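Labels for the chains are A, B, C and D, by order of writing; each one numbers its residues from 1.
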Amino acid sequence: MKYLKHSAFLIASAIVFVSCMDKNGKEKTGQSVETEKSSKKHWPNGAQLVISVSMQFETGGQPEGAESPFSGTPLPKGQPDLAAESWYRYGANEGIYRMLDLWKKYDIKVTSHVVGSAAERYPEIAKAIAAGGHEIAAHGMIWDNQWNKNYADELKFVKDGVETVEKITGQKAVGYNCNWLRRSPNTLKVLQEAGFLYHIDDLSHDEPFITKVNGKNFVVMPYTLRNNDIVNIEGKNWSPDQFLAQLKFEFDRLYEEGASKRRMMSISFHDRIGGTPAMVHAMEEFIKYTQEKQGVVFMRKDDIAKMVVNDPATPIDTSEEKYNN
Amino acid sequence: MKYLKHSAFLIASAIVFVSCMDKNGKEKTGQSVETEKSSKKHWPNGAQLVISVSMQFETGGQPEGAESPFSGTPLPKGQPDLAAESWYRYGANEGIYRMLDLWKKYDIKVTSHVVGSAAERYPEIAKAIAAGGHEIAAHGMIWDNQWNKNYADELKFVKDGVETVEKITGQKAVGYNCNWLRRSPNTLKVLQEAGFLYHIDDLSHDEPFITKVNGKNFVVMPYTLRNNDIVNIEGKNWSPDQFLAQLKFEFDRLYEEGASKRRMMSISFHDRIGGTPAMVHAMEEFIKYTQEKQGVVFMRKDDIAKMVVNDPATPIDTSEEKYNN
Amino acid sequence: MKYLKHSAFLIASAIVFVSCMDKNGKEKTGQSVETEKSSKKHWPNGAQLVISVSMQFETGGQPEGAESPFSGTPLPKGQPDLAAESWYRYGANEGIYRMLDLWKKYDIKVTSHVVGSAAERYPEIAKAIAAGGHEIAAHGMIWDNQWNKNYADELKFVKDGVETVEKITGQKAVGYNCNWLRRSPNTLKVLQEAGFLYHIDDLSHDEPFITKVNGKNFVVMPYTLRNNDIVNIEGKNWSPDQFLAQLKFEFDRLYEEGASKRRMMSISFHDRIGGTPAMVHAMEEFIKYTQEKQGVVFMRKDDIAKMVVNDPATPIDTSEEKYNN
Amino acid sequence: MKYLKHSAFLIASAIVFVSCMDKNGKEKTGQSVETEKSSKKHWPNGAQLVISVSMQFETGGQPEGAESPFSGTPLPKGQPDLAAESWYRYGANEGIYRMLDLWKKYDIKVTSHVVGSAAERYPEIAKAIAAGGHEIAAHGMIWDNQWNKNYADELKFVKDGVETVEKITGQKAVGYNCNWLRRSPNTLKVLQEAGFLYHIDDLSHDEPFITKVNGKNFVVMPYTLRNNDIVNIEGKNWSPDQFLAQLKFEFDRLYEEGASKRRMMSISFHDRIGGTPAMVHAMEEFIKYTQEKQGVVFMRKDDIAKMVVNDPATPIDTSEEKYNN
């Protein structure tokens, strides 16, 4: 019920948003009206393209030897890797705050996947994220494999993370992101029992969909490794200008497709990687680029999930039903 | 006989195409006429450059632990890698359909290398490809090494794939692509016995050529790792804008060479890689780029093979004759 | 005391610099005055952004089998790797001199981290660096792990390097850079005992900060792997034009942030890598790019450290206090 | 003696070249005259920058399992890797001829390092290179390590390669390139005994220099891994547009330096890599780019070596004298 109400509110706000865009839009009025009309069919809020940013807050929760620019030649166990630790602290000192400044400047609300132990280490950061109006989503209690836990252990692991972060931020997560996306066959049942509405560890669609878990609707938000800083920037595949080019290419296609079907674009930034000056600059350039088009809406994933979970236009995907009954 | 007839038809249609280009061409009329004249000598259909896209449809047929963004740190045998599986499903849910939309928009017919088990898993996709007027080519029954099979096993492996896909699509493949291009010394003889006209697992030319198999003409279509999404995008060598730059550089040179000899450009897109928004955008930009020139023709590989197999201007290459007699 | 005096001098000179920029500035006068005013609060010398280049001079001091384009397939111990040795000599023959020419052309003073054994091998280069007005900073006696030395050995290692280079250049280092940034838990205490003012092996901030060592102020200058030639160019992640794009993106963001807080940009060039023609060209293009903005100051790290060590606006970071008491 | 005469001839031809450039040059006449004057001091032929291309011809001589896009997952010994073999044949079928066309179009003479066994396999290609006016230089009899051979074996290995290629092309090599640049400590003495004038396996300078071998002048031509297709393109570091950007950045700096000292730029293209359409396009764009400047001369390395071997302005480098006495 409340989902539907919320969704109605979003439709209203989206209309305001779209109208506001009209005034500064570069497209001719005639075209924009047409676009609005056709795209209204695909998203409940009338957007032509919904973009959602994931901002992972993990720093401070990393285990010894965690992946860093130094982990390729690890130090002996017990020897502190001070350079690597300082690299991680960057996410707390600079990265998250720089991104928060950017989201604020453009009035964008993002989804922040918060590791429990990171919030414990830097509670002021977790609070700052929540205070900025961003979604606090769950990302496990600590950095640990989740795919190999039994049901009870996994449930405890998930709940501990949620409760730890809730105590600090006052927000109870309804969205989940596993360590390196690697779920166990039980994860969706665990998440449903723990009161979650959606998860993001699925790369199979460019729009949210419903999967049935114990017969009930569970939302799967599209995620991607393509627009992902940890894979492409920290993985040393691309320079920030290439990342920007990727975002623009991806946007151009999805926006065009958005005229005839529901499309969503997912972007992922991690505190110590996406929060560097060059990457935040790339993201700002991208945001400006999207503002040249009408009907582009940046949203939190919980708001998207609530908007689509009971929408009959949301596709249902049964690919994993053998695990979820 | 029918090859020659088909070829004549293509010449006719190519002339229409070239004329149509004339109207919107940016080159001066004088130049374009001259170009047309000189290039007519090199391809039977008068094209200055023939481009052929391979669209691999493999998703759903992958074995456990198949190469994916996650396979670098494999899970224990038997543990489902749900993130990797969702990555593969992307090719079926989004990738192939997005590419089909692109080909339709520009009226391009491509060659689709279909793995038998992929077609069994997603028959509706195999049918959609065939219904779009694209060539259904063979790519093995399942994802498996072919270079280490004995003659009988290889023949069965090839035939099973062809028959499986033919039952679903109604098209019998005449072109072959081995798993990772790795043929056995018997492969061409096997293919000839199974009724094939050509294969593509050869990187040695920028134009189709004839190789003699048991004394008869067998066509080898040029393939390349340069314009190949799996090598350069999934292999994390390039971003999509670099892929586009590669295509343009490659095209510029081959088009120019096409004025004085027969030249063909080969591009390869895989369902879950080339079918992403950014890559389809890159491909669309490339298609637009080629439209600025006259005499560029996108063709299915079976149509190319039929056009050249009995053309005396097609070169004969005897490099592998010791295997094929 | 002398630090404060020095700092006052820098404020004076910075004002001259900023005024000089005014004449050729592209921004409107009204804007530039405003910028000057707001940025004066953040750096003692009134800069909006301080940039510092590290120029590592290591060549000639490398051990057998040191990392080079050839070290991936090492020769047997004792077999001279003549191609690799010639690659290192490039830094001495061309690299450092080319960079010195560039710094001179733009009147930029940099910090040179000099390995003791490199200065012994090429004393004329160490002298040329010092004669150019650049800072001679320490980088160890030889190329060797520092994180695994005990206190006494580490102190000797550091002092030997300083004394060796001081004998040649007449400059006593006050700044330190460890081999691959990897400090021991004792390093800051060792450096303090050896009379150092700052170190750079920390990636956690985009501005200098104070850490307490035995209760006294020790400056930590921000360093980065992002704007680092050895990581991104020799590590084969980027081409020089990508490196330039990274510098510009990084600059754009830090410069903008510099209007409201203290920001510093750190760049690192190694003799045989950053000293190649393409990289020096990239750096020159970057320098020109920064000249389009007002209030950008290139400084030696010792000058920066002296300017901020007793400035109450310099942040204090206690993250490593457990090691430094 | 004949070296000096040859050098005089080159001076004459270079003056013609520079004058010819004058007519189409974009720089103002005043400037160009000044440039000509100052640069005449640094190269005997008056060039401001000498560029030399190495065109490696190796295809057909590769051993089983030689580095290819497939060698990362090698087939069992004895199993033919047909895809890899076809990749190599590309260099013979397309690569060398495409490059020869480019050199001809711009009247550029290059140095071709020819492996003996490659010339045996494709004598017509070796002859075509020689017939194009290009230098036939030596690159070993077969693809084999040279650094681990004793004096007698190395001498035989070198001589066999030279004689094999001389019989086919009529040209006796005076320049040498070792397999992967890896010389033995004896190599220069071996080369001198075998009548060589220069080698290129040294990365230490951006201009040719003299090293004394048994007290006599031996020329070392600068080589580089930066402008090298096998390292950066086949090594999957860069796309062809990045390679072009590297060449332009490198050129811009060296050309500018050429006004005040002797500078040389070295570029390396291998048959099957640099000979692809996109790379030849990149090279053509680069050649056009260099034509916008005056005093740029493309030369064979033997001509350069002869021009500088007895020029007192050529630097002498004694770094390796312990091996060469």
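The working rule: contacts are C-beta pairs under 8 Å (C-beta built on N, C-alpha and C of every residue); 3 or more make two chains touch, one makes a residue touch a chain.
Here is each chain with its UniProt name: A, B, C, D = Polysaccharide deacetylase.
Because the structure is a prediction, the values reported are computed rather than measured.
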Farthest CA centroid from subunit C (Polysaccharide deacetylase): chain B
Could you report, rounded to a multiple of 5°, the rotation needed to superpose subunit A (Polysaccharide deacetylase)'s C-alpha atoms on subunit C (Polysaccharide deacetylase)? 90
Taking all residue numbers used at the subunit A (Polysaccharide deacetylase)/subunit B (Polysaccharide deacetylase) interface, answer same if over half belong to both copies and different if under half do. different
In whole angstrom, how far does the Cα centroid of subunit A (Polysaccharide deacetylase) sit from the Cα centroid of subunit B (Polysaccharide deacetylase)? 36
Between the Cα centroids of subunit A (Polysaccharide deacetylase) and subunit D (Polysaccharide deacetylase) the separation in whole angstrom comes to 52
Interface hub residues of subunit B (Polysaccharide deacetylase), defined as touching at least two other chains: 237, 242
All pairs of touching chains? A-B, A-C, B-D, C-D
Where on subunit A (Polysaccharide deacetylase) does subunit C (Polysaccharide deacetylase) make contact in their complex? 69-70, 75, 79-83, 85-87, 89-90, 93-94, 98, 236-237, 239-242, 276-282, 284
Per the touch rule, the subunit B (Polysaccharide deacetylase) residues reaching subunit D (Polysaccharide deacetylase) in their complex are 147-148, 180-183, 185, 187, 201-206, 225-226, 231-232, 235, 237-238, 242-243, 245-246, 249-250, 252-254, 257, 265, 317, 319-320, 323
